[in-house]
Amino acid sequence: MKVKLLIMVVMMLALSSFCFAQDNATEAGTEDTDTTAVVESIILPAPPGNLTGIDKPNDHGHAAILSWDLSPDDGAGENSVLKYEIYKWVPQLMLDINLVRDSLSVIQRILRNTTSGITEGTQADSMKIVFEKYSRDELFDIRNTLIAHVKQENTGLAEASNSYPENGAWLFVDKKPSGTKSFVHIGSKDFKSAGFVPDFANLYYRVDAVTIDGAKSSSKVLGPIQTSGQWYNTYRTPVVFSVLFFTLLTIYFVREARKGADLYVRPLGGIEAVDDAIGRATEMGRPILYVLGLGSAADIATIASFTILGRVAKKVAEYQTELLVPTYDPIVMTVAQEVVKSAYLDAGRPDAYKEDTVHFVTQSQFAYVAAVNGIMLRELPATNVYMGKFFAESLILAETGALAGSIQISGTDEIAQIPFFIVACDYTLIGEELYAASAYLGKEPVLLGSLKAQDYAKAAIILLAVIGVVLAQFEFGAAFVNLFEVAN
Amino acid sequence: MKRQLPFLLVFLFGAFMVFQYYVPHESSEFVYEFLLDWVMIIGIFALALGIWSLYTVSVDKIRHKKENWAYSYVTLIGLFIMVVLGFTYKVGDSWGFYSVFVISLMTLLGFLIQTSVSKDKGLWLGLSGLSLVVALGIAFTDDSWGIAFMTSEGLSNTMFTNFADFVLTPILATMFSLLAFFIASAAYRAFRARNILATLLLIAAIIVMLRFNPYMPFGLPEYMAKTSNWLMNVPNLAAQRAIVIGIGLGIVATSLKVILGIERGYMGKG
Amino acid sequence: MTEKKNIFDKMMTLDRRWVFLFLIVVCVATYAADFSIPINTEQETESIFNFLDSLPPDDIVLIAIDYDPNNLAELHPMTYAVVEHLWRKKVKVIFTSLSQLGPAMADQAIRDISDSLKIDKTYNYNGVEHNFKGREIVNGVDYTFLGYKPYYALIILGMGQDFRLNFPNDYYGTPLDDLPMMQGVINYDQVACVVDLSGGNITDAWISYGQGRFNFPLMLGLTGVMTAQYYPFLGSGQVSGIMGGLLGAAQYEELADNPGRAKDGMRVQLFAHYVIILFIVLGNIGYFMSRRKNLEGGN
Amino acid sequence: MKKTTIITFAVISALFLVSWIAKGMFTEGSSPFLDGFLVTLAAFLTLAIMSFLYKDNPYYKFAEHLFVGVSAAYAMCLGFWSTIVGNLIPRLSSGISEFFKVSYIEGDYNFIYFIPIIFGILLLMRLSPRGGWLSRWPLAFIVGTTAGLNFVRYLRSDFINQVSSTIVPLMIDWQGFGHFFSNLNFSATGQLVMMFSNLVIFIGVTCGIIYFYFSKEHTGWFGRASKIGIWILMITFGASFGYTVMGRISLLVGRITFLFRDWLEIIS
């Protein structure tokens, strides 16, 4: 019962401060010009001409693109235009809803104890005074009811905007410096937000040219236009073609490989070293340390690393050496446990698998490094393998490993860290070699097939680049380059 | 079924994300945001698994008196005191019962660890019962503490922020600064002109390192600065681009293999 | 290997802890010691210095402190060096800060520099000795701090019309018309040049909206990583000079014979780099000598 | 324990105790002894980590283990309060939201948020010996989602977009040979250097890609191109190594500043 009463209070408040709000709305755009010293004779600039607008294509809706011709006094003529102000017409209903939205945000601030920023004497302040009288429980109720109310009212917006130009007001949207000819009005899709622009509702815009003195003249009103979301992003068509190209290429080569085609793969130093390194560890009776890096299970570098870990773990199980896998990310830990466990199973030694072979350390970059450093100096692994995503810690790890006298094999796709691994490790897989390694180690024809597809894609890039460089010398070459520009 | 269903899930979600990329419409965005939220939420559940793993490994070390087992107590104390401080806060200025509460919780955890590692279980269990009673007593009778954090009073749990500022930050910064030493030792150890590749690496590094060295004759300094600028802007750009293209294709190919179920190494053998 | 290690073998296999020790000693020593290193100045910085140095007293320079505390380490030394040089020459300064987190930091810097102006100093540059008497720097007479306003592109355009348009009052709330130095100062026409110290894309706005429209001499102070991308503007003459990163700041300090934070930083950097290069050279000498010995032994 | 170990420990504790007391006496503030303790603690931990450069020792082990414990808990607390409380709970029920003092976010599809909870619980099934296989489902979800995400995004950013940016004009401002030779200069912004640079970029990218070719033997002209590719890669790696030195030294200077200015207060 109480809640119903409160809605009434809020609505009353809304109505009473309506005039105030409207003043606010129209003045918002001029806040930095209204302080200008009074100038005796105000000369109006010529208005911007030919205002046009469309729904912003290939988006989720709620956005429109406006464009206009510069005012004759912008950069020419009197040269007096300082900026353009963009205004949007909204129905009375929208203004009402905005007031409720404002009160919602005040309630939110009260609930979060962040009302200190509200200046005295403003509309928000008077709302604050009203709402602060209620308990938290009541405020939660009020809040939920108001949200439901806003949601309900929003459905009427499209219809209300048909009443143009009656029953509404111009709202300031944004300002742009002189020389600007277009503006993308990206509204919010959240109906609770003040910047909400409803889809499929009539929108009206106008653009004012404003001089230094604050004198302004308005363009003709644009409208009605409507915004909406699209179901297909045409800008991304080049990506569709490349997805198809790449997928078909991969599937073709995988099939070829399955049929038994002989596929050559060039040797990778780092990968050939892995087997030797495991043998060495066995001879020395020391463990092998495998570091998966700081990536999450979602990073493809980590996924590639899992495949390599599987091979290493299998070899380790066969040779009966000890394996240490400290991890940084808990999900990576879970996956790595699966991988190592099934590798031991494959090697026929499930009994040798210990649950703490793969263990979690901490999810803090340098704490993880400190712990791994400790392992290196105390367990003295014969071989350290670093595969995956690495950041600043790469050099700390690799140098400590070198200090402990371990053979070190690394691979990462973080370009900034490759130099450090190259300098400090015995073998380094550079960038793409890491991904190739996972296919190479498997020696499975299907995986090798996809390497072949990658190589064809590279050949395509080189070919296109050569054609492009030749065409770039001519005027019409630009069209070719544009084929590879994905706008959004 | 047990083995195949996960790969079906991978395919479904993967294919959905590929299609989603072309659909700008709100409903597609809506699902996309949901999915990303889910990944984060599952991550936190996984973190609990991680903490559990850290705990069991540490306790295991203590139980079997492995090398350096005593330090595992340091890890566990650090872990628990941060958890307790992160989930509770003191009300008002007085430390009084709040500190007793924290200490009794800590002793409770300490005794519980002892119970699990020691042979004399009865004694330690009794002691942990005692501290549990103390902690519960304070929890229910005294209102000098609360469980909240996102509100402004919780953020002012001074000990939690102090631990972050005076334990985490200095160690982190110092670990990071070790890089200065390691960059020197790596350069000393590895920059030997063994073959042509090592020589190129060496020369480029030295030119760039000398870019602001004033003690050189014949206008060499200016030449060094210009050359190192050129090295960073031209060959660097080319090499980076070549690597990026390679990495990009590697990622694309691996993702595709994952979605199509060709690459299954990440879940153990498929 | 039974043969005795000679000095070259030792050079090659020196325990890395000596490297660490040497590095930390050199860093601490150069950090604590108070001496000056020569800095090679580049043309891009020299042109800034020469322009500012040629200004007669009572000219006005606009300095835009458009960075935030993130880039403080690289750009703060430039502010200190440039402003102190100008104030010593009795050139007046208008400050703006168009980055949101900038004003408080800029205000602090202005106070700091004012304090250092109270002391007498003698500088020796361009082969001439310059004696400067210490003096009190007065707000409104020697400088005006306009503060922060959002929409930097509009502010830069607006200041081309009239400073009072966006900044009717200065940062401390005094109306601009009440400040002695702002009498008759309307817009960029009364300003000798603009120096923009920035760590972000406000620089682009200064180039296209400011210099492009109002045609004043524009000089930039940028972070190290940004520098290369603005060189083309130097070639096209839109920008009159660039200071890049800590090195650029140190060059300005060198030109003005006013060693400060940047040269302190560069001192440690330079000697740390020397240590590393020294060890690389040692390692290589050892490597080549012991390889030659091994080859001879092999024969 | 050896005698020397005990003596070292005693000396070090005494030194830091003195530092604590001295800091406590000479700093101002509401709780000088707590502040003094914290600064001393930070200095101790800094030195403990640095001592690692000499060799592994008990002080480093202490700092390392403390760091691991505290940081794991810190990550968990932040993760819990920001993701579970900040993101999940406001969508589950208004009652739980009120308990955690966050505001309930009403929505028509909030029930979907029970799915990640189910996935999360499935993940925790690892701990039970029987249900371990269930934990693969959430993993499949995460891997599948992100693989799909990466597939298209990298195809666009690292494949299509790279083609367009590799297309650089080799002849810049070309107005015939006469004009070229009469305006010849060697400045960094001159026509000659710019053309040379663009040529290097083009050849560098092409040869670099050839180096990453896996399914063809690197012999003949192909091998030579691949060799040029790896040369350019090595020059780049050397240069970026040299370039990074400066930033790393700054980090060390930061620590020196902390020790000598904030803690010992001997350099102003």
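For clarity, chains are labelled A, B, C and D in written order, and residue numbers in each chain start from 1.
By definition in this document, contacts are C-beta pairs under 8 Å (C-beta built on N, C-alpha and C of every residue); 3 or more make two chains touch, one makes a residue touch a chain.
Just so it is clear, the structure is predicted and the values come from calculations on it, not from any experiment.
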Comparison of A-D and C-D by number of C-beta pairs in contact, larger one: A-D
Taking each chain's C-alpha mean as its centre, the one farthest from chain D: C
Chain A and chain D, separation of their C-alpha mean positions in angstrom: 18
Inter-chain centre distance, chain C versus chain D - centres from mean C-alpha coordinates, in Å: 28
Rounded Å distance, chain A centre to chain B centre (Cα mean): 21
Chain centre separation in whole Å, for chain C relative to chain A (CA means): 34
Contacts with 2+ other chains: residues of chain C: 16, 20, 24, 27, 269, 272-273, 276
Per-residue multi-chain contacts in chain B, two or more chains: 18, 21, 39, 42-43, 46-51, 54, 68, 151, 168, 171, 175-176, 178-181, 183, 185, 187, 189, 191, 201-202, 205-206, 209, 229, 232-233, 240, 243-247, 249, 251-252, 254-256, 258, 266-267
Per-residue multi-chain contacts in chain D, two or more chains: 49, 52-53, 61, 63-64, 67-72, 74-75, 123, 126, 136, 139, 142-143, 145-147, 150-152, 155, 159, 162, 166, 188, 202, 205, 209, 212, 233-234, 236-238, 240-241, 244-245, 249, 252
Category of the chain touch graph - line, ring, star, complete, other: complete
Partner chain B, residues of chain A touching it in the complex: 58-61, 112-114, 189, 229-233, 236, 239-240, 243, 246-247, 250-251, 254, 296-298, 300-301, 303-304, 306-307, 310, 327, 329-331, 333-335, 338-339, 341-343, 345-346, 356, 359-367, 369-370, 378, 392, 395-396, 398-400, 402, 413, 415, 418, 420, 422-424, 430-432, 434-436, 438, 442, 446-447, 450-451, 453-454, 457-458, 461
Complex contact set, residues of chain D against chain A: 49, 52, 55-56, 60-61, 63-64, 67-72, 74-75, 94, 98, 103-104, 106, 123, 126, 135-136, 139, 142-143, 145-147, 150-152, 155-156, 159-164, 166-171, 174, 202, 205-206, 209-210, 212-218, 233-234, 236-238, 240-241, 244
Residue ranges of chain D touching chain B (in the complex, touch as defined): 38-39, 41-43, 45-46, 49-50, 52-53, 61-81, 83-88, 100-102, 109, 112-113, 115-117, 119-121, 123-124, 126-127, 133, 136-155, 157-159, 162, 165-166, 188, 197, 200-205, 207-209, 211-212, 229-245, 248-249, 251-252, 254-255, 258
Contacting residues of chain C [partner chain D, same complex]: 17, 20, 24, 27-28, 31-32, 73, 231-232, 234-235, 265, 268-269, 272-273, 276
Touching residues (chain side chain D, partner chain C) in the complex: 53-54, 188-189, 245-246, 249-250, 252-253, 256-257, 260, 267
